[in-house]
């Protein structure tokens, strides 16, 4: 019997596709819809301490092979998000609470809130490439990452995931620091620092100028990170970046991911992307004689 | 009169398109053909101290939006390359000698050879993402880069360019170190660390496993680097990464590049890519009232 | 895939005080009811329904804030960025159709009226605050059997709301479909009126849009993307939406009363 | 854009000792004279002419080293990776055609003979070391008027080289075009023979290939990409090439005598 079920850091998922943070996940109803569409788990929008409008528009550039976005971490704030988490209680798939903060203390405050709200796990956004004082500004420093993870672990009993940035040559050091501090899984990768310029308007298109590249363009980059992380770490890895079809997902899994997250493809492919990936993956597994996803994890290293 | 002429660190070019290192530039005849095809300057394959076969095949993966390559710096070695440089003497466009080495001493040895051979400038490959002991292993360390540039400058009177990697959060620090050490221009960027896996074969496709991503996929990444470098540096910047048409080239120039290099597009578009870019750029300049390329440099910052 | 393109304004028409139609050339096909994300550098990027869907495209902008005021000041030869079209658009109905537009809602509806292509089976009802704000009247007349106007202050047509007129028309005649666009309170009343008479409708909603492309989730109503599954929804879909007519999300994603 | 795809061997034919044809299904169209980059995991990726260009594609491999020996050992249901087709291919000539193949050169030439589609105007000359290595004889006979064979040891056909036969044929008959593929020394003599009789030719070259896609420059002859502008070159192009018949580049890019 071929099964898509996976277990990632004590989380049991019906399949290895997870909705990535920041995409259709700011409200309970959205999260529920994405779970109904077939996601094995859903990650919330990254939530901070206070309500935040994010950057003015334009916040998105469409490319043939992906998007550049600089949303600027808009979110209703952790207090208002209590209500969304309450409404999401009946969600058929585990809800992972993503949070961002500028200090270890703030991270642990938000994480314990997410735990109280019933999150199945907490994902630390240590990797947003375009928010001053947040995200990758912390996430490229192994000591800082270690401190954040340690602090969060000290207040949380749910699994803690660290979401890391590919925009550094120190990814392995950062990931090892997170692992040593007790992190339960690594999520790799967030978007890659990028920009688009309108030559007629003679200026960057995004209001924030810089943004983060996602989608097919970064799949080879994310895949490489996951492959290298798998050689380096003992904790599970969740692969993100340009997963658009079953083949992308299987590439990530063979590189060493225990599950994958899907963001841009929700726009580029549609809400049925989770279902399409799962159907294709299952057919592939039957064809190739894999009975479980875990049998495929990391086989590209052999 | 609209003119495409540019001057980059004392090099006079008939137009701002330069053949990037590693693409059709291992022999004198190739370099001459690319200059005849319309390149404003040509950079040689990166040359080391000894002949080198590079990695076994597969060395290239084609994607819809670019390539992943791990050639492994094949080259005939600096001694044998004397003959190619001699044959390239009559080249209608300046020939820039690219070199790679594992120490400052070796870099300066190769650079003075290139100068003796008649190179118009020397480009230091501090950024190859997949050769052990070379390239980005040195190029992410500001002190190392500073030492290399200083040493090369001490033996060279021709302009010295440092080609840098986007695979680090320290690009600005590295570039500033190069500038402070007397570097004449920064070339950004080399390829982005990447991988492709064949799910049927259950393994990475490239014999070296990891490789470097080039082509349209990385244009937004290179553009962002150039934009940030322009805010940081006073020396000229040469933009590289996914330049495929005049629009890409103008984006880079508006971001702050004084010229652009073209690599993957020689395969994806064809040998006429230089001519196509120049024609389109000239039409754009006439339409928009720019008389010289230098008038466009960095205007996206205003 | 909807790449940004820069278009040049070829005509500027003042439809009413503070309401301007901008025309420009763009080859990419648009269905009635779809919208662009319209970029004005240094100002904002905002969603705008396509009010002319031929190759010479158009948008009809009502000045309500910074971006719309800046759009209202544009002149021929000025440039704007557009990406899109986004959204589903109206399914062009068979049979007899009643079209009800409030304010700039007409901008989104008129291309649908024209796409029906048979004036004999379309009646149009236009609601506005006051006579000066009655939009696109001549264009509506050309494409339909009857056009009726209502204004809040009675300065043109009958005094009252467009929903009052809809109720009367549904009493008087049989329609196979109602198309509506306008303020959500009006749409909510419109849905009720249609449901009472068991007439199907398609209503076009507005929500705060950031990406426009179905990613960010800022435009959701009951978790459904107005920019992608909408902006046009059927009565069947609307009836299930708890937030319809009652609440929306602000820029932070907080729920606020309409 | 030539993405890697994994294909499954559907038939294995031993053409001669150490020469094997592998067939597999691939939808992507190929022109006669084009080649694939063929990947055998853990071994190598090497260029191989497409010897069957229908949907059931084929390559015909002569064992000369590690990769070709490994290819020669494959069985039905084994998998290989292919990318391509790369290269320009033969321009299918009008008029009468003389086709001259040495060794596995026939693999590249036969699809061109078949594409001419008119046996009445094609003569084929096959050269080989010895009788056992004469390749694809039956297929050549079906698609042409006359087939002649030469072997170095005289064990089949006439004793001598294929170039000797070409010279004789050009003396005897008029041909509008010669197509040739084989070792470069043979091709170089072939060009000379054609030039003497002022007959145009198209010859397919081999050079060390890494990327196959026109990027790395490892395959260049006189700065021209054999993988892209070639592998088939016209007499006019070949006459200008200083390296033709005299030198090539090794894996490091060093010039070495042929």
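Letters are used for the chains, namely A, B, C and D, taken in the order the chains are written, and counting of residues starts over at 1 for each.
In this section, a contact is a pair of C-beta atoms (placed from the backbone, for glycine too) under 8 Å apart; a residue touches a chain by one contact, two chains touch by 3 or more.
Every value quoted in this text rests on a predicted model; they were computed, and no experiment measured them.
Between the contact lists of subunit A and subunit C, the overlap is empty. The most distant chain from subunit D is C, comparing centres defined as mean Cα coordinates.
Spacing of subunit C relative to subunit D, judged by their CA centroids, is 64 angstrom. As a whole-number value, the distance joining the C-alpha centres of subunit B and subunit D reads 36 Å. Each chain gets a centre from the mean of its Cα atoms; for subunit B and subunit C, those two points are 50 Å apart. Residue positions of subunit A with contacts to 2 or more other chains are 63-64, 196, 200, 203. Judged by the touch criterion defined above, the protein chains link up one after another in an open path, with no loop closing it. Contact annotation for chain pairs lists A-B, A-C, B-D, with touch applied as defined. On the subunit B side of its complex with subunit D, the touching residues are 22-33, 45, 51-54, 56-64, 67, 69, 71, 74-77, 80, 83, 196, 198, 200-201, 203, 205, 207, 263-264, 266-268.
Only residues 63-66, 68, 136, 140, 165, 167-170, 192-197, 199-200, 202-204, 209-210, 213, 216-218, 220-221, 223-225, 227-228, 247, 250-251, 254-255, 284, 288, 299-300, 302 of subunit B touch subunit A when the two sit together in their complex.
Subunit C contributes residues 1-4, 6, 37, 39, 41, 44-46, 79, 81, 83, 210-218, 220, 222-225, 228, 249, 251-255 to its touches with subunit A in the complex.
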